[in-house]
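Structure, as structure tokens:
Order of writing sets the labels: A, B and C. Residues in every chain begin at 1.
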Amino acid sequence: MSESMPQGPIQPAPISAAPAVSRTGAPDAVKKSGSLPPGFTLRDVRPDGSHEYFLNMGPQHPSTHGVLKLVVRLDGETVLETVPHLGFIHRAIEKMGENETFIQYMHLTDRMDYLSSHINNLCVCLAIEKAMNIGVPERGEYIRVIVCELQRIQSHLLWWGAFGMDMGAVSAFLYGFIEREKITQLFEELCGARLTMNYFRPGGSNADLPEGFIGKVKTLCEEMKFSLDEFDVLVSQNPIIRERTVGVGLLSKERAISNGCTGPVARASGVNYDVRRNDGYSIYDRFQFDVPLGANGDSFDRYRVRMDEMRQSVRILEQAAAGIPEGQYRSKEKPNYKVPAGSYFAAVETARGLYGTYLVSDNSFKPYRVKSRSPGFSNLSAIDEITRGGKIADLVTVLSTLDLIIPDIDR
Amino acid sequence: MGLTQDNSLPIPPAGSLNPAGSLNAVDWVVGWARANSLWPLVFGTSCCAIEMMATGASHHDWARFGLEVARASPRQADLIILAGTIVEKMGSRLVTLYEQMPGPKYVIAMGACTISGGPFYYDSYSVIKGADRIVPIDVYIPGCPPRPEALLYGIMQLQALIRKGAWRKSLTHQPLNTSPIRDVYSDCSKAWEIKEKAKQESMKEAQERFKAENPDFKGVVIKRVAAPKFDEVARVPKPARGMPPAEIFSALQARFPAVAVHGNADVTQEKWAALGPEYVLDLAVSREDYHGVVEFLRNEPALKLDFLIEITAVDWKDHFDVIVHLQSLDHGHKVFLRCNLPHETHPEIPTLMDLFASANWHERETYDFFGIIFVGHPDLRRLFLDDDFPGHPLRKDFEDPTRVVKRPY
Amino acid sequence: MIAYSANHPVGDFIRANLPAPLAALANGALSVVVLMVLVVVVAILLVWLERKVCARFQARLGPTRVGPFGLLQPIADSLKLLLKENIKPRAVDTLAYFLAPLLPITGSFLVLAVMPFDHNLQVADPQAGMVYIAAVSGMGILGILIGGWGSNNKYSLLGSMRAGAQLFSYELSMVLCMLLVVMASGTGSLREIVLSQQGTVRDWWIFKLPGAGALAFVLYLISSTAELNRGPLDLSEAESELAGGFHTEYSGMGFSMFFLAEFVNMFASAGLGATFFLGGFLAPQFGIGPLDHILAFIPGFIWFFAKTGALIFMYMWFRWTFPRLRIDHLLSLEWKFLLPVSMANLLLAATLVTLGWILP
């Protein structure tokens, strides 16, 4: 074990089949500069290491949006390298899932990405439906689309407010929340919860839409169009915001794909991939909507893609609200959900990107293993590449435009 | 965490502040100032933090109570609102934050997780079952998450406590609660059952007397809403996009003859059709072929599986399966891989970091949870858990009675 | 031109009844007490105002529970801060850590000593009043630098280094803007600067020098916002980046001193702006007989506080509207834009004064 990695794994005896790579695999730079904390790989920028210092950001820091810890190597205000440390909200959801039934597991996915909880639930439902061959009635599909798009808008609204706050425009945070509160109240009418919904079920949802819901959605669409234009005037067109985001935090298309980035982060870098469009789960293939793409992959592109996405979601909502049929909202309930043996994977597009559920069943009422592929996990892993060479303020900009939900990353 | 020394000032019992049994004027003014100027620390770990932010937003506006001066530095805060689950790794940080605050300081436990572990009570190896194990708590707010109104009510309760003289709370921390982990929920339900039984027995006589006096009484009829009946709906499968699995498999088999389809050792043309339109190719590869197969799938222009969805593992008790999910962003098809590893303490498999940058964290996570070593990984440390965490928790043989309360049913 | 008397009746009374050295001492002590009360009252009012204004900008109500309209909220806050435990972290430089919070408040206190609140309400009126202001306002920067260094915390250090770079730079353009008025009025005494603006509103320096005055006023507003460490130029605190900046490690009294200094500074800055550009304690006159008489009837200190209040509202408006700048943008804004422009503006004003192109 090298000196620079005092906390590395316990190494067993080598086996012959393994390729001849260094056991700890530490690059030369780490080995030579034995004083670097774990995770850092860059060679010393100055030979004597002067002017450099390490800054711990988090786990309690206002701009890490939860309990993310970043160890930043700085030269003055310039970021040389960033090493994220995770696990400060690792709640063992995957282990717990192995001892709960398939339906019980759904309520845990609420608490992972709590701003996309409907969409997370949908993903588990899709996997179970695939496994047990459950169909969804027409009205149920429309309900799913409407609720998921509402969820996407409210998530982006909260992101927009938090972005404003990170940029120092505190009032924007409050304006974002004013709009978000309207959608939260709609959800409260829908399922009684404001945040952790647990509303969808395999085969539909656990209740029909409340009376007058569609009318309220239509009103909300009109209001959203107006307030999105207002937001553009307040923040998008602000010269200070432009100066701080355009050209800051560049992520190239190739690196975005290699780092597994999805969602608005990848689309801002020009990756034309949206699970709604490319996989067409539920009935997304019936609606007209564009997938907004960025050209440069900088922070402003990530900002703009999310703003455009809200407009596209409003467009989907309008079509779905106009076309929702009457009828039953779910298919026949099963007495219990005994999933046949096998492994099942379903993916959805949350507000942050590709969310996947991988269920392994051994033909019982409880999953043998569940795994969630969370979008923030991979989006965050690119942070070192994005922030290298920027200022501390750029690090805050990038963290904000990556739109991280730490419990989603840590699970 | 070394918090055993009791430095707390003696808290006088109620009514002993002065002979009249009430607070004097100075006490009243100090209590008034402290109750009306609670500056919260910017501290939120998960879902409850969003509701805490909503409480601060225009609709609920905790500024009405003078709370909008949220401080990012614990040195200037009076109140920690524990918004969200506290896990073991965060616990030591929370104690540090609490100690960094100047006294008198107050803690509100917001939500079920900080009260008892809440939904994460059973089977979780990392969640602290109640934040009052590590910091003293003044007000508990139940809910998952509690509504903003509930948080405001909790704040008002805390204000009332401070006004009553709770401001005499010690300037420094209180001793740690170091009680062992018990299944308190099961204990509660047992105690409840015993209580119910005693109640039934004590009521027995009265019930019999009532029956004797009213022989015609049939009981109260409760109208129930009939559960709606739903029809079966046929499932409309979404055909998998991109290249059909049979073609991918034949292209691969030309290069790697040992590769097989998982669960269908010898697939024929008819069997491919029987797998259905949704079927995603699920390959079983050997450890020797593993890296080569992934490299081929990624670099072959016709396949171009350039996007790594995830790497994970499944513990089948007698062996491990390392699972790799790949997708082609251009063509749309997916390929799932599984590689059988022996059930050792630290089975080994080559890393994929030279092909996908995202493999870095996925492999660290798999190492953390299962102890699988990815040979050639430059930085194979634990990702989520503390470095001194015993064992690898997602293995089926993982047991840790000091951390885990097993679900009793 | 009205001849204003510089002597206040109270001062005259003391001078008449006490021997000269004792009278000077008594007058000095009286001024200190009055200024101290003023500082406390102003800070409390401004804290309340800031929280209310901010709340209204954000569609909220702000403090409502303590006293009428939440007016007692700042009093509760300051009482609580005074009664907090005072923590001295183990690794701090004790002398620097405890000295630092005193300096900014001293600096702004000293500025108030030469502030002409009314024609006869001014503690001292040195001929080099402007130079004195430039000198003592440096104490605020010193306090932040010492505090950040003495805290032995990386966030504090970063914050104070930012503050150093920012405040030293912006002081240049701020002083240049004030110099413009000194040059045009021909005096460095604050009282005489105010008196040089007698007449109608057109005689205020903001309008009197065509173009140059208004430009100097805008430049003064920008650079004094930076001097005040207020959003959008609050880089040394930058909560979303540096947690608390230079005051991260301060609690209780130390923090409340910084907190107090921030608001007193804002009052001083706004007061200077009103003095230099908006005619200070002079009532606005529009050349309309009856209206002018009514306006002139209102005492001068009320006009001073009204003008200062308007400028303070501007500062608050900036803070709750704009996002924060980045440190390199901030410095290039000063060195590449504000400083050259204010220098050119000074030249322009000099030309105007020499050629006599001043509004009559």
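Note that in this section contacts are C-beta pairs under 8 Å (C-beta built on N, C-alpha and C of every residue); 3 or more make two chains touch, one makes a residue touch a chain.
None of the values given here were measured: they were computed from a predicted structure.
More C-beta pairs in contact connect the chains of A-B than those of the other pair, out of A-C and A-B. On a Cα centroid basis, the chain most remote from chain A in this structure is C. Averaging the CA coordinates per chain and comparing them to the mean over all protein CA atoms picks out A as nearest. The distance from the centre of chain B to the centre of chain C, each centre being the mean of the chain's C-alpha atoms, comes to 50 Å.
Here the CA centre of chain A is 46 Å from the CA centre of chain C.
Separation between the centroids of chain A and chain B, computed from CA atoms only, is 16 Å. Counting partner chains per residue, chain A shows two or more touched chains at residues 61-62, 174, 178. Residue positions 58, 72 of chain B each touch two or more of the other chains. Residue positions 58-60, 239, 243 of chain C are each in touch with at least two other chains.
Touching chain C in their complex are the following residues of chain B: 29-30, 32-34, 36-37, 58, 61, 63-66, 68-69, 71-73, 75-76, 78, 100, 102-104, 171.
Only residues 51, 55, 58-66, 70, 72-73, 75-77, 79-81, 83-87, 239, 243-244, 247-252, 255 of chain C touch chain B when the two sit together in their complex. Contact residues on chain A toward chain B in their complex (touch as defined above): 5, 7-12, 15, 17-19, 21-27, 30, 38-39, 41, 59-62, 66-67, 86-96, 98-100, 107-108, 110-111, 114-115, 129-130, 133-137, 158, 173-174, 177-178, 180-181, 184, 194-196, 203-204, 255, 257-260, 271-273, 278-281, 328, 330-333, 342-343, 345, 347, 354, 356, 358, 360, 368-369, 371, 373, 377-378, 381-382, 406-407, 410.
Residues of chain C touching chain A in their complex: 54, 57-60, 154-155, 158, 162, 231-232, 234, 238-243, 320-329. Listed in rising order, the residues of chain A touching chain C in the complex are 53, 55, 61-63, 77, 164-172, 174-175, 178, 235, 238, 240-241, 243-244, 391-394, 396.
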